[in-house]
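Going by the order they are written in, the chains are A, B, C, D and E; count residues from 1 in each one.
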Amino acid sequence: MALLQTEGLVAHYGDFQALFGVDIELREAETVAIIGANGAGKTTLMRSIAGVLRNEAASVSFDGAPIGAQAADEIMAQGVAMVPEGRKLFPSLSVEENLLIGTYGRKTEGHWTLKTVYELFPILAERRHNPGTALSGGQQQMVAIGRALMSNPRVLLCDEISLGLAPVVIKDIYKAIPQIKAAGASMIVVEQDIAQAMAVADRVYCMMEGRVTLSGTPDNLSRDDIHNAYFGASH
Amino acid sequence: QGAKIRLGYVSPQSGPLAAFSEADQFIIDGFLRSEAGANFEVIVKDSQSNPNRAAEVAKELIIDDEIDMMLVASTPETTNPVATTCESEEIPVISTVAPWQPYFIGQQGNPGDPGSWRPFDFSFHFFWGLEDVISVFTAMWNQLDTNKSVGAIFPNDGDGNAWGDPNVGFPPVLDAQGFNLTDTGRYQNLTDDFSAQINAFKAANCEIVTGVPIPPDFTTFWTQAKQQGFNPKAASIGKAILFPQAVEALGDQGHNLSSEVWWSPTHPFASSLTGQSAGDLASGYETATGKQWTQPIGFVHALFEMAADVMGRVEDSRDPDEVASAIAATELNSMVGRIAFDGAGLPPFAVQNVAKTPLVGGQWRMKDGGGYDLVIVDNSDHPNIPTGGTMEEIS
Amino acid sequence: MSILSLKNVSKSFGALTVTDDASFDVPEGQALGIIGPNGAGKSTLFNLITGNIRSDQGNIHFQGRDVTKVSAMERCLTGIGRSFQIPQPFEKLTVFENLLVAATHGRNLSERDVRDDCADVLERTELIKRANVPAGQLSLLERKRLELSRAMATQPKLLLLDEIAGGLTEGECQALIRTIKDIHAQGVTIIWIEHVLHALTSVVERLLVLDFGKVIGLGDPDEIMASKEVQEIYLGIEV
Amino acid sequence: MIWVDTIIQGILLGGLYALFASGLSLVFGIMRLVNLAHGDLIVMGAYLILVLVTLLGLSPFIAVFIAMPLMFALGWVLQKYLLNRTLGDDILPPLLVTFGLSIALQNALLEGFSADSQRLPTNALTTASVDAGPITLGVMPLLTFASAVLVIIGLNQLFYRTALGRAFRATSDDATTASLMGIKPANIFATATGIALVIVTIAALYLGLRANFDPNIGPARLIYAFEAVIIGGLGSLWGTLLGGIIIGVAQTVGAAINPEWQILAGHIAFLVVLLIRPRGLFPRAND
Amino acid sequence: MAYTVTTQTPASRIAAILGALVIVVLVALPFFAGRGTIQDMFFILTMLVLAQFWNLLAGYGGLVSIGQQAFVGMGAYALFGTVILWGLDPVPSILLAGVAALVIAVPTAFFAFRLNGAYFAIGTWVIAEVVRLLVAQWKTLGGGTGTSLPRDATRDMWFVEMIEETLGVRSAAARDILAYWLALILALATIGGIYWLLRTRRGLALAAVRDNTEAAKSVGVDAGRMKWIVFLTSAFGTGLAGGLIYMQKARISPDAAFSVTDWTAYVIFIVVIGGIGTVEGPIIGVLVFFALQSLLADFGSWYLMTLGVLAIVIMLVAPRGLWGLLSERTGLHLFPIRRRLTGGKLTASEE
């Protein structure tokens, strides 16, 4: 059974419809990647799952229970944490405070504590008293991931964690993913970097214009499939 | 005749000035119950303590309610907009409870240019003037042994500007009587700090304080004065300590503060309407409302006495000119003394529109069981009004 | 003569340097493509050229005039038109009114004078049927077309296009290419940021590669695409 | 010497303004809410204390501690069920709603307590003073100033030393992302307004002890409180204190030159500070 | 085939005809209505003018000012100044009232435009206070006491005698009628002018800036200049209204003329209740406000309490005001500004 599932998920920004009936699922201990061009609706999907955008109760279910209508804080308290696009650190908080605030709504015992997060990203321990926003992009991304981990989530949603980062830094960040999985989190990763997505994912969904246009495992998706799904047509 | 005479009455029933009209209902009920009152209908409007609103409701009364005459009381903020409106609408109006200078000069286009001042045709006013309050205050101060150095707090409002006026206000008279006045200038109402004034008074070694602040400002001033070690022998204050609640708000710091007294239960006057004495009226109010008497009671009552008297002398109450002439011809012994527009004690320009009523001086004395009593301590200008004691220094 | 020239332009957001000492010239009438990975600073470069953000360092010349400190509005009036990567329609105005704003203000003409031009642009971008629909109700593709149309309505000498082909079907993509070629043929200088490389390369004469805010390649599209560096950083998935 | 006295009196006055402003600063800083009813809430607090004093025969200094939880609850409910619904980019809804609240509150107090001016019962402390060299300072103003400083220290402790404070700051930075941390922004805001009303109660105590109050006196001080908040810099509590002091000192110095310029001088100081630093003295980096 | 642009709709054509009828009735009103009605209409019209200008400022220009009383007060004092000190007739002085407001609007804008959002709102409020306090020091016009218009000046005002004779009314009534007609002209000019502005390319630019400032700048809209135009126009119009209102009141004081409650808070109330960002909104709003006042004003503090609660309720239930609610449901626009392209390829299939 799926741990997390969307069914016929729709989303609007005012008059503008951004999602048109999206069905995806995430199974226990799985990593799912979502790829798609700019504006395809990937972030909107993440925000809908996390409860930032409210939906019909039945359109999102977690652990068999409908959560689509719940608020972000309620969903988070059940164990769905998100690393938002653009990192979204709190500028008024130091690195350590940014991490600590991750436990505000869910104080579950588990692998992740300040100590283990610092072990995962040692550089953060050095910069713990700096304002989060004084860090480089990659370090900020580490804080954002650490912040989400602090609540020991069962599902971790990562939106474009490699955006705007140098390949070496991206490598560093992606190195953390196996450890995150090992600690027991299932993940949905949004990526525009298709190679990266293929490398970490058990399954891939490709979105275009608010719809899932393709899904499968990295092995059975051909480059052409992806290209078609991504850009609409081959040349 | 049949139809009743319609009186419009504007007063500040809500807002910061509402204390002035607390007795309105009591007085109006009494008036309508009286024999003369039976011919009248009184339409009351609330100015909300707002001059804009006062002018608006005055106009409504004139136009929509088609009143025959307007009555208005309580501070220039209420009387002036209403009187101005009536004058331009050519409806007779009688006002009171504002010294006549702010009433008269305050309605002139250019108050600074006496040559441009014009009398009114339909607007009449009875109350005392600054010359009276100055005379009362100086008489009270002269009862004490002081260095004749006076500090003044005059705000930048209708009253403050009149009291501090270099021509008609305190300064020339005090100067003539050998008092030395320290006037630091017109501050804005609801000022939170009076150190500047206190420092100036201390520097001038003032033993007397006077002024016409609003109640919260006087409390601020007085408290700060005490805190900063400024302890004058006499403090004669207009407006702020008019009402007992305001004095009570000073805690025990209100003892022996002095003020002008325009009306009290011991005034030897009686109502031309009901024959009640001042004392009867005050105690009637106290039993009816459970509140302590206040000075406006007598004057609001007198306003309705005026209405009854004037309308009793006209053929056609709907003829503004006739009513205006009847007002001008008034000679009435009222609850607040004799009212007549005969120019007694007035400069020529105000003769036509103003009638003066007597003024004496009083001091607030702390009662044993708490609360304060107003005791008349000076009656030099009107010896027929009995005193209840003599002026005491603030200890 | 070059219509646009950047000299040592840099821009940082906090610690992040998004444009790093960029210098290049665009000859009048040329079509230049810009490619680079996500977050490389392509859109930021546009914002610097249009004046929507100010550079920290360096100079930008347009038609020989130093416009580094000139406002976005004035730069538009001197002939720089742009589309936004994330469409920024005037949502409460209709499609036609969106164009009217651009045409009347961008060209400083009266509504009457530009009416037919706007209609013409809408016909060319196939938005004419939606002319009277409030822009807020458009779909994503229509919004992108509106971006292009609105930029065209200002009749710019330099047209900046930011990812307008993403998500188009092959047919739509060809139509778009025709439209852009058309504009280009009228002598308008074009700078086009695009991930859909075949569309880009079928129009542009030169290609600029951006990585970490740095210009790491500029030249003939084929040569650029063939260079190892570009293969590696940009077409990572292809190799 | 008079000048030293003038400035010290100004600083003490600034303490009063800062006390009036701290609650406003908290609410404005955390949720950008312009609360036009703040002054009236202070007056309401003063009446609440007065009622407690009269009914229970308590000293105002004790009564204030009973008033605080009541005011906290009021603030919480007010924010949660009314003001939260006005938050957003548009500043008009909060303006109109709090304006409505302001006139409703004023007139409700007028109905309930009449227009008579009131004062909390005073004692020797009210007029007590201490001599500091050639200058005499009132105990009450000193107490007011000390309370303002204590309130600001307390708030700073809360803000920078507790999990709740972290949540305040995070929510203020970005309520949406905060909700991803399991924070309920609506409750955080309600708590903030609750705390603001606790401070309002302290301000009310000094308002009521210092001079008379009546139901209409609230708005007059509101503008100084706003000035203090704005020139201090959004969200900076020490800035608010400094802002209050700047306005207080400007007023007393202006008055020393001529009382006609007293209030004007305060406003001018505000405008000058904003002219030089449009975002106040200690603006937050990120807005 | 050629394209054409229209803004009219069938509804707006009917509205225009009805509007013309209403205007005729309003112009002729003094010939058959009582003074009470004229008075009420004067109040309605002047508040409407203030509301339209505040709406222009906040609803179209995004400048939420709570300092409009500065311009009302300045206009009013300028009128009193010119009449009392220069001996000018009050009627032409109204124009100077507008000019005076404009004069203080320039430095106000220089300062206030440095501020945003809530800072702008509070900043304009403080500036209005400063102007009030300065005017309160103007001793020749009564300082804090205030002053009244000389009776001679109001009695011999332009046109008054003419109205007295034509309509056979007393001079006080004639003055009311004159003030009413001036208010009517001002209100019609205001609505007409604002509607005209919205239909020019400047109006289009205003809407664009409101929707998306950054994009507007990128298509050549001078957003800064739009702010200036809107601010100065509102100041001028508000000053005219201030002059007219106080010409009719004939008495002024700083506290009254610079009252933030009377001239800004109630005006905001009117606009928001009616529907901000529409020409129709303030019209509805002022009618509601007037109705409330006539029904409830005699209940003193209960009236104000009701007003306060109503402000809260409307903001929560219908944030776009009564007109917003109505036009959302019906699509009705009495003052349409949407430009519809017709003809050409659009003829065949219209929507």
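Throughout what follows, a contact is a pair of C-beta atoms (placed from the backbone, for glycine too) under 8 Å apart; a residue touches a chain by one contact, two chains touch by 3 or more.
All of these numbers come straight from a predicted model, not from anything done at the bench.
S.K.: Supply the minimal count of touching-chain steps required to go from chain B to chain C.
M.R.: So the least number of steps between the two chains is 2.
S.K.: Per the definition at the top, count C-beta pairs in contact and tell me whether A-D or C-E has more.
M.R.: Looking at contacts between chains, C-E has the larger number.
S.K.: Report the chain whose mean Cα position is at the greatest distance from that of chain E.
M.R.: Result for the farthest chain: A.
S.K.: Among the chains, which one keeps its Cα centre farthest from the Cα centre of chain C?
M.R.: In terms of C-alpha centroids, the chain at the greatest distance from chain C is B.
S.K.: Could you give the separation in Å between the centres of chain B and chain E, each centre being the mean of its C-alpha atoms?
M.R.: Here chain B and chain E have centroids separated by 39 Å.
S.K.: Hey, how far is the Cα centre of chain A from the one of chain C, in Å?
M.R.: Distance between chain centres: 31 Å.
S.K.: Provide the C-alpha centroid distance between chain B and chain D, rounded to the nearest whole angstrom.
M.R.: Spacing between the chain centres: roughly 36 Å.
S.K.: If I count partner chains per residue in chain C, which residues reach a count of at least 2?
M.R.: Chain C, residues with two or more chain partners: 91.
S.K.: Which chain A residues sit where two or more other chains touch them?
M.R.: Residues 133 of chain A touch two or more partner chains.
S.K.: Which chain B residues reach two or more other chains?
M.R.: Counting only residues that touch two or more other chains, chain B contributes 14, 156, 186, 188.
S.K.: Pairwise, which chains touch?
M.R.: The list of touching pairs comes to A-C, A-D, B-D, B-E, C-E, D-E.
S.K.: For chain E, which residues are in contact with chain C within the complex?
M.R.: 2-5, 200-201, 204-205, 207-208, 210-212, 214-223, 338-341, 344-346, 349, 351
S.K.: What does chain B use to touch chain E in their complex?
M.R.: That would be residues 13-14, 45-46, 48, 50-52, 55-57, 59-60, 63-64, 76-77, 80-81, 84-85, 87-90, 102, 106-112, 116, 118, 155-158, 160-162, 186, 188 of chain B.
S.K.: Show which residues of chain D lie in contact with chain A when the two form their complex.
M.R.: Per the stated touch rule, the residues are 163, 166-167, 169-170, 172-174, 176-184, 235, 284-286.
S.K.: Name, in rising order, each residue of chain A that touches chain D in their complex.
M.R.: Result: residues 50-52, 71-73, 76-77, 81-82, 84, 88, 90-93, 97, 100-102, 104-106, 131, 133, 147-148, 151 of chain A touch chain D.
S.K.: Name, in rising order, each residue of chain B that touches chain D in their complex.
M.R.: It comes out as residues 14-19, 22, 49, 156, 184-188, 190-197, 199, 203, 215-217, 219-220, 223-224, 226-229, 243, 245-246, 248-251, 253.
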